[in-house]
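Letters A, B, C and D name the chains as they come in the text, with residue numbers starting at 1 for each one.
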């Protein structure tokens, strides 16, 4: 932008201009030329920070929270993962909210709905369930469960152990667009009208109803993508040939109705990295939330390497060179706002040789 | 159309007109008004006949054919199911070809490709395989296997028993449009470059490659939809609620990339009918090929009822009232040209109360 | 296909096989291997012939037809352009019907509708109108007017002179798919409920209704694309740069709702060729109907050159090398079934250097 | 949300919780239950204010700005329309930037490009031009001109009078998503490689290139929608029947390639209201920028009515009941982020009877 460095102006000119600015300000007018450079910068300067939340630490805090109040009291017993760059803003990346939720045996996180889309990636426990619009789904580690915009949902734990998962929501996006609506259900637990597994059978078996219309608008009608299937698919890829140097073995969760991303505002995918593999440097305009359902390794961002283990959650900033290294075979869940950026024509990435 | 019944014309007028027709005919001109009614009829008069091929009979003839010539000699050892209304025309319905193919132990149906799309619905045998563009898939009864337009394919039986399946191709459609191209491979058996199951893992697990582009143009990249999955999905539907009065429990094979039909010229679907169920009358503009992978029952078309059992193949004509009755739990594979008619804005159906 | 030339079989084998064929024929079964080569040929052998109908001749015959019967008597007073290869079949190409229609001053071609789609390309006269679903449109030479599937339509000539146009319909396609339905209106002239030009304003000005849904299913809601606009667009292209060697300056009529072809079964386009321009050889799987609204030139097909002048109609066969030469500046209307072939994944072309 | 009003907690509990919050804060963890209500509110509380900028005032300030610095000096001589609710934030609504730009005779606003999309709605002057990716377009009042994301553009005034227009950009959206990139051209004026009007001919005449691919990604390839056409279309609608009670006679600027909105991040439309017409109350989740190219009237928002005249610019807040009254025949340009909200499944509106 150097060539348009405005010529330095003398004090008088500066004063004359300032007088003009002062005059127009009360008229809700302002000079673009004083702010243009800031509004149309040459390239992104990421605002979010890289960060990793150790599972052991999160888990311990969560245990304490469990003793502090019930799920019903909390409505949702969640520890928000706050990006260090945005304290108090309930954001894990610039555009996504993340938290870890716990439902203890016998607890119910009561039914409500909101226009924000939510996804759950299950980290611990086996068999508590989420009810979504009249269908329940049991959750197991590695399962990817969606709560579509405006769908009633409640979480119930009738097992013997605590159930914990990663929550990611598009709260900051909906807040920015001022599109938030919410309602409480008149009962804590909605009634179940379809047998478990119905959605997966109907929409997730390679077949579709003759007239395929999602009951959930732009969100995939499959609301639980079980890990056993996902894992099997990734291992098949790994068997089929070498990993992509930048992306490893990667599949995205898809909406069977149109082949797009599973959710309209959040782009979730899974990556398998074989032990010893390091991805070549990539940077992209989306900031990414990651959790390892299996494996240990490290990520390097901005020249700083951080180790991760199972269930740790970490974030890699937008437009910052990043690499991932697998010490053991890793299966990583990732999610970003890439789908939003793609729909608006804004997503970009850049790749370097390994 | 009565109101436009042309007034009767006198002999002289008729003669004068005929003289005119005779004069313009050598100029490749003809009077529309003499043929308009035929070109633009009030409603379809179906040309195809209803028909059922008993499996026992087809199987016996096939056994004889097996002794008459090898698969290599035949290129494809297939008995064409000829609709009685179209003898010698290799058509099962007005627009689709069907046949039953057999590959004996040790045989190879050599590699070729053609612009015609083919589908296989497996009826007997276990484990012979089809190779499609570098990937093999083992076939089991009830599997739905596609051969996309212009994809190399060969069939190999290395098992101990004969392998038989129903072939359906869009041969009449491609012939009508004069779009047929074909080539022989320089080897009988193409080389295999991907592990078995790769396509199903990559495209058929609810996930998709980040950049989802079918390697097969408009055809689904899943080229084997295994029956165990399909069956499980249909039974889940049956468990979830009552069957649709006209369609029973029905799912169509879908293309995960766009949610459309699995193939661009043929619309395949599966229907489960519980024992004792009779569908309410429907007629639609597509003629339908059916085979029961499980169950016994009957279909009624034009007031005539015909019983069917496992592996029998039957055809139900276009624009003719039809019902299906299940004596035992039935799982029916069906295919028609509905996808073509939908794309062209021509598909219609009509339904009556039960 | 040579390598799979079946080995010659001895007389005994031949007899044994024939006996088998005779036995299975009554069971509606036939041996594929005896017909496979014909069903799956190596490449198309075009069935249609190249042909040109001189306007002077068509016009003269039409004048005679005008004296033979009224438009009301004829329902549609049309001389069918019969491809010499298909006498008596009302086909101009393998898949499209074409005719020249005349409505004399004071006449009405009465209202009816049918599932066949129709297009009119106006050749002579000025100001007679077509009514389509409650809106009338005045026709001028070069206008492209659609009659969408199942839309009521009638033609009325309240001018002083005869009105003539080229009709193209998908009659053979709809016949092949057995999707023909038709009805007569209870009045010869439907009532008009919208002002003239409404559709063009609403859909054809670069803007669209907020919720853009075609009132005509898969057909463009613009039902008259006036020639003055089309011509201006083509001349702008010609001004902008050199013509494409194979296609000249070409634009296709588009559906503003989805950017696809204007009609679901017929692909219409316009080509401008500057005087002296010859297109490089192309062949494509669609047979093409052409008329020159302006200009003189020639087309060469299969080594044979034929001259054309204004309003002559000619057809160029599928999968046959073709070139077009403009003696003066030419504006050519063309239409084929390319849209059908594209939707089914069958359209191909091949191009040679000039 | 009353039913989930958390029970009041005693001082000790409160203290215990606070101790926990203090402990986890350094670990970048925070309790969701303390902020949930704010993150998932029952319905939007609009942040932006309704406001009107009088043209006379803006014009006078602009005249002063013209004397203060040249267009080259300013890069863009624009007075930002700052929503009173967001002083210093360069936003007219919650998500859109707006400004009024002036280019004086002989001036050039130098060539640059950015990922932000821009639109211009011309208010005063006749014939200065904008160059977009090698094509120039002359601007006249009422023209709607786009600058697609990442397209080179410069503005040149070779006429005798000043040229002024309304600029609207998606700057806040791109800033929120951190997708801003920009570059300066190495020359102030890019070279012109296509004749004027080429894009409109090629894409805006109801026809399209055979292979229709936008040179501008998700933005319409028509980059000037001239007012004479738009006006004619709106008047045709007004002639055809009564206005929609809530929307008047409204058409949206469309992308001819897919029928969607003309731009991926901003939804522009035009409304004609006949003299005396008042729209029935509507509220929608998008805040709207409006300018009257013709006519006088008033808008009422939140019970407060404000008069407007030609070229005044005003904003109507999101999720706030609004009506528009036309004193004389009005033609109103409007733009909001509706397209973004629709793509993300968030757009809603509500309508009341008049």
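As a convention for this text, a residue touches a chain if its C-beta (ideal position, glycine included) is under 8 Å from a C-beta of that chain, and two chains touch if they have at least 3 such contacts.
The shown structure was predicted, so the numbers you read here are calculated from the model rather than taken from an experiment.
**Q** Which chain has its C-alpha centroid at the greatest distance from the C-alpha centroid of chain D?
**A** Farthest by centroid: B.
**Q** Between chain B and chain C, what's the gap in Å when you average each chain's C-alpha atoms?
**A** 29
**Q** Roughly how many whole angstrom separate the Cα centroids of chain A and chain B?
**A** Spacing between the chain centres: roughly 43 Å.
**Q** Compute the distance, rounded to whole Å, between the mean C-alpha positions of chain B and chain D.
**A** Chain centres of chain B and chain D, defined by C-alpha means, are spaced 52 Å apart.
**Q** So with touch defined the way it is at the top, what topology do the chains form here? Options are line, ring, star, complete, other.
**A** Shape = ring; chains linked end to end, path closes on itself.
**Q** Considering the complex alone, what residue numbers of chain A touch chain D?
**A** Counting only chain A, the residues touching chain D are 1, 3-4, 6-7, 16-17, 20, 23-25, 27-33, 35-36, 39-44, 46-47, 51, 53, 57-58, 61, 64-65, 68-69, 73-84, 87-88, 90, 94-95, 97, 99, 110, 112, 114-117, 149, 170-171, 173-184, 217-219, 264-265, 285, 287, 318-319, 337, 340-341, 343-348.
**Q** Given the complex with chain C, which residues does chain D contribute to the contact?
**A** 194-195, 197-198, 200-202, 204-210, 212, 222, 225, 229-230, 232-237, 239-241, 247, 250-259, 269-270
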